[in-house]
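A short write-up of the structure that comes next.
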Amino acid sequence: MENKITSESFTIPMGPQHPALKEPGHFQFTVDGEIVTRAYVRLGYAHRGIEKAAESRNWVQDLYLLERVCGICSHIHSFAYCLAVEQLAHVEAPPRAQAIRVLVAELERIHSHFLWMGVSAHEAGFDTLFMYSWRDRETVMDILEGLTGNRVNYSANILGGVKFDVDDVQAASIRKGLDFLEERTNHYLQVLGKDAMFLQRTRGIGVMTRAQAEVLGAVGPTARASNVMRDMRVTAPYSAYRQFSIRMMLDSRGDLEARFQVRVQELLESIRLIRQILDNLPQGELSVHLPRRIPAGEAAVRLEAPRGEVFYYIKSNGTDKPERLKVRTPTICNLNSVIRLAVGHQLADVPMILAGIDPCFSCNDRMVTLADERDGSERLMTWSELRQHGIDFYKQAAK
Amino acid sequence: MKTFGVMLPDVSKSLFRRAATEYYPSIRKATPVQLRGLLHLKLEACTGCGLCAMDCPANAIQVTMLDRKAKIFTVDYHVDRCTFCGQCVESCRQGALHMSSTEWELAALDKTPFLMRIGDTRNAGTNVAAKPENKPAEDKHN
Amino acid sequence: MTLISVLIALFVFPGGLFLIVAGLFYQWFNRKLLAVLQNRIGPRWFQPFADVIKLLAKEEVIPDGVNPYLFIGLPIMALAGALTAAVYVPIAGIAPSYGFSGDLIVVLYLLSLLTLCIGLAGANSLDRFSLVGATRTLTQLFSYEAPFLLAMLGPALVAGSWQVGKITAYAQNHWLILTQPLGFVVALVGLMGKLEMPPFDAPEAHTEIVAGALTEYSGRGLAIFDLGRAVELIIGLTLVSSFYLGGVANLPLFVVKTLLLLFVMVGLQSLLTRLRIDQTIGLWWRYGTLLVLVQWFFMVFA
Amino acid sequence: MNNEEILTLAEQIVKSWDWKTEVSRSQPNQLDVNILNLEQFVPIVVGLRVKRLGYLSAIVGLDLGREANQLEVLYYFCEQSSMIVLHLRIPRQNARIPSLCEVIPSAEVFERELREMFGIEITGLKTIEYLYLPEDWPDGVFPMRKDADLTMVTAQTGKV
């Protein structure tokens, strides 16, 4: 790391490896004293080439590949992929499967928001909140494990439905867990809204106005904290959200505190929705059959991931592999805003502002590192080749 | 209303509470029945169709047909590649596959337990240790 | 006092070795208690010792572009300063080995030597995180030093002496926490600032600047700085407890008092969010100093 | 404004700018606009922006293959559940499209991605440093193109 000190600028690098970043990403902040005057971002350190790799795998295999776009919001990616493929095949998952998908998606949102709360508290130097919120996150992870069979990468979906059913015993254990989580969430709402020391680090920090949020294309809770009405579950309801409606959480302040409030209130709303789904789970089949070859066509779906709107575009050419698959994750939209927001703030606020959008770099870095021309017969050969070159499609960046 | 030390109740309760951290190697929590652990194959039900291998996202399953008429085949299960997604169990039309919910501590010091060869091993012609009993080398559950 | 007993007092007990071991034990108590308050298991009792031994055994990397003498010398100076301060302080319930009129000031400045050395060490290395950390360390030093000093001078004022031994003797009969509660609070919180404990850990806020001034340190240098911090922890606790909590009586009472103080400090650590450096300065000059001055006002006129 | 009104208004804007523009509805909530003349592209986007018909949700690049010898770029403008998709078709050689950064600042990352992955030059794009690809990525290799020779890349860089 060479030293660039001139009379005006002093550049502080953050990343690719930095304690504030749980994943590799590179930020450069030029500071004047403690004030940030310029910010620059470079991505690609967790780039695994998923979009290209998806073109050389069949429709079923892609489901699991895409689930690994992100380790935290893994379900929403396979959810989006399934919706798009089902749209291409002109089938619809049975109502019970749709409800279970939404159930897992909301549990995942709880998991993600709790995780985020802990991480941001840690960035702020409030480790007690970090430890407690992660302790409570275990509850929802246990629920997910008991329901789907895994703590992350739930693999709940198959093309045309879901893998498992929710029986009364599981419903009861979910309800029990939710009661605890609801109590804790209400408590954290108090902590985040009242703790004077914590508010010093969040109130009025990183303010993004509504106009800014719209121009910079912010999505998800980041946008909603600036009073921008963007929530796919409400504005463009998909799957079981058509039956089970959810309220949009908005805040007009646009600062970090608002982002905390929006997310924690979303937790309460998710808990309410999960209870509602459990009470009114439709009866019926769990999956429908999908052909191995998906009819040619194009499909674009937009879903609300915990971090915001996720966009999937799939083009099929009628074979058993997709022709093109495009993933646009929420972080890439929100990253724009963070870069601009950081300027003018104290260096100490930068990790908080960064964490405020809940960045997920492995979500962003998907497209290409290396691809393979592969057909079925050479499967093992090319796989070992891939391994040799060390692309870790599966051992992707932790998280 | 701003106050100081809002987390005081949590902190003070913790003094008299057992740590939430798991004491993992000494105390093992029971795993849920749904857990997707090690894959098991019922050889008598398997027809060697290879659907599981075709759908496996990690190419962890390899079906080699040795004699199509006599239905002699071997199934190689690469435990180290397996992502435990459970798609093979869904894909199998014979119901020959299931995943154990108790066998999940699969780490080993060498690679031998990671290749499990199920089926006819007479003509396989490799020197990989065959594991017909379908289990990793060490049983860590004792 | 024979030469041997002097040497033992200096190197084994109550100075030197004992101080280091006790400091590390207090560090463990700090970490363990914090973990318990956060509902974690926390480290086992030998963890700080293991850390130090591991670091001492490791290679020390001296980065390019630094002054190697300063780089190696600063940690030693810091530890030496802290150990020297211990000579004038009633460690482990034993009256200070040496003392002269006005040694309180010397002790306080020897304690600041550690912080100063850390700041210099950061400024010495060219790493950007170190530089920002050094700036913050020194900025913070100037913010808490004045209120902390004033809070420690409160007992000196009523005892009528600026000698640690005499103040302690006076405090033996007067629990100054009752007569000077504000001073006690400022002294306690000031001690947390001095030790760079959360919420005053902005100089080493690892989510912002990795390890602050000590980012470039590894191996022996880091271990010695760590030992210096451990010694400073115990000296600081001794000073505050002997000034405000009824002087020194005997070893068990001393341990109880200091651990009680540490308990309060850990509780505060677990409840408070890290302050930004500008907020730290604001806190000390706006509230810390004011509180002590109010205390002095009462002392002078009441 | 409901979906139908959004799509109708968008259709009017597009038609009024250039009556030859092909417009179709592949889905009930989707309006596909086939832009034939690149010069019309930015004004149409401005028109959509002014009327607040959707924000830029994503830019998708497509390689239509060697036979078609064309690249396609899809711009997804979304509002509520409606999607307005602008299709741009350009030749594979010397592919060049205008930048939207002046109109929509958030287009920058998408355009940078498009540029490095498909080799489409974006006129007016200020930041042209790689966003995802490594610094030592060879010139002229655009990984998301169907015929990108990536084994060569592995040999050259000797890593990944």
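Labels A, B, C and D are assigned to the chains in the order they are written; within every chain, residues are numbered from 1.
One rule holds in what follows: a residue touches a chain if its C-beta (ideal position, glycine included) is under 8 Å from a C-beta of that chain, and two chains touch if they have at least 3 such contacts.
Just so it is clear, the structure is predicted and the values come from calculations on it, not from any experiment.
Undergrad: If you tally contacting C-beta pairs, which comes out ahead, B-C or A-C? Let me know.
TA: If we tally the C-beta pairs in contact for A-C and B-C, the bigger total goes to A-C.
Undergrad: Can you compute the centre-to-centre distance for chain B and chain D, using the mean CA position of each chain? Integer Å is fine.
TA: 43
Undergrad: What is the distance, in whole Å, between the centres of chain C and chain D, each centre taken as the mean of its C-alpha atoms?
TA: Each chain's C-alpha centroid was found; their separation is 60 Å.
Undergrad: Distance between chain B and chain C based on Cα centroids, please, to the nearest Å.
TA: The computed centroid separation for chain B versus chain C comes out at 52 Å.
Undergrad: For chain B, give me the residues that contact two or more of the other chains.
TA: Touching at least two other chains: 4-5, 7, 10-11, 20.
Undergrad: Scan chain C for residues touching two or more other chains and write them down.
TA: Chain C, residues with two or more chain partners: 37-40, 270-272.
Undergrad: Name the touching chain pairs, would you?
TA: Those chain pairs which touch are A-B, A-C, A-D, B-C.
Undergrad: Going by the contact rule at the top, pick out the chain B residues touching chain A in the complex.
TA: Against chain A, chain B makes touches at 1-7, 10-11, 20, 32, 34-36, 54-59, 62, 81, 83-87, 90-91, 99, 101.
Undergrad: Which part of chain B faces chain C closely enough to touch in the complex?
TA: 4-5, 7-8, 10-11, 14-15, 17, 19-21, 23
Undergrad: Report the residues of chain C in contact with chain A in the complex, numbered from low to high.
TA: Listed in rising order, the residues of chain C that touch chain A are 37-40, 65, 126-129, 131-132, 198-199, 201-202, 205-210, 270-279.
Undergrad: So in the complex, which bits of chain C are touching chain B?
TA: Counting only chain C, the residues touching chain B are 35-42, 267, 270-272.
Undergrad: Okay, in this complex, where on chain A does chain D touch?
TA: Listed in rising order, the residues of chain A that touch chain D are 42-44, 47, 49, 51-52, 214-217, 235-237, 298, 300, 302, 309, 311, 313, 315, 324, 326, 328, 332-333, 335-336, 365, 367-371, 389-391.
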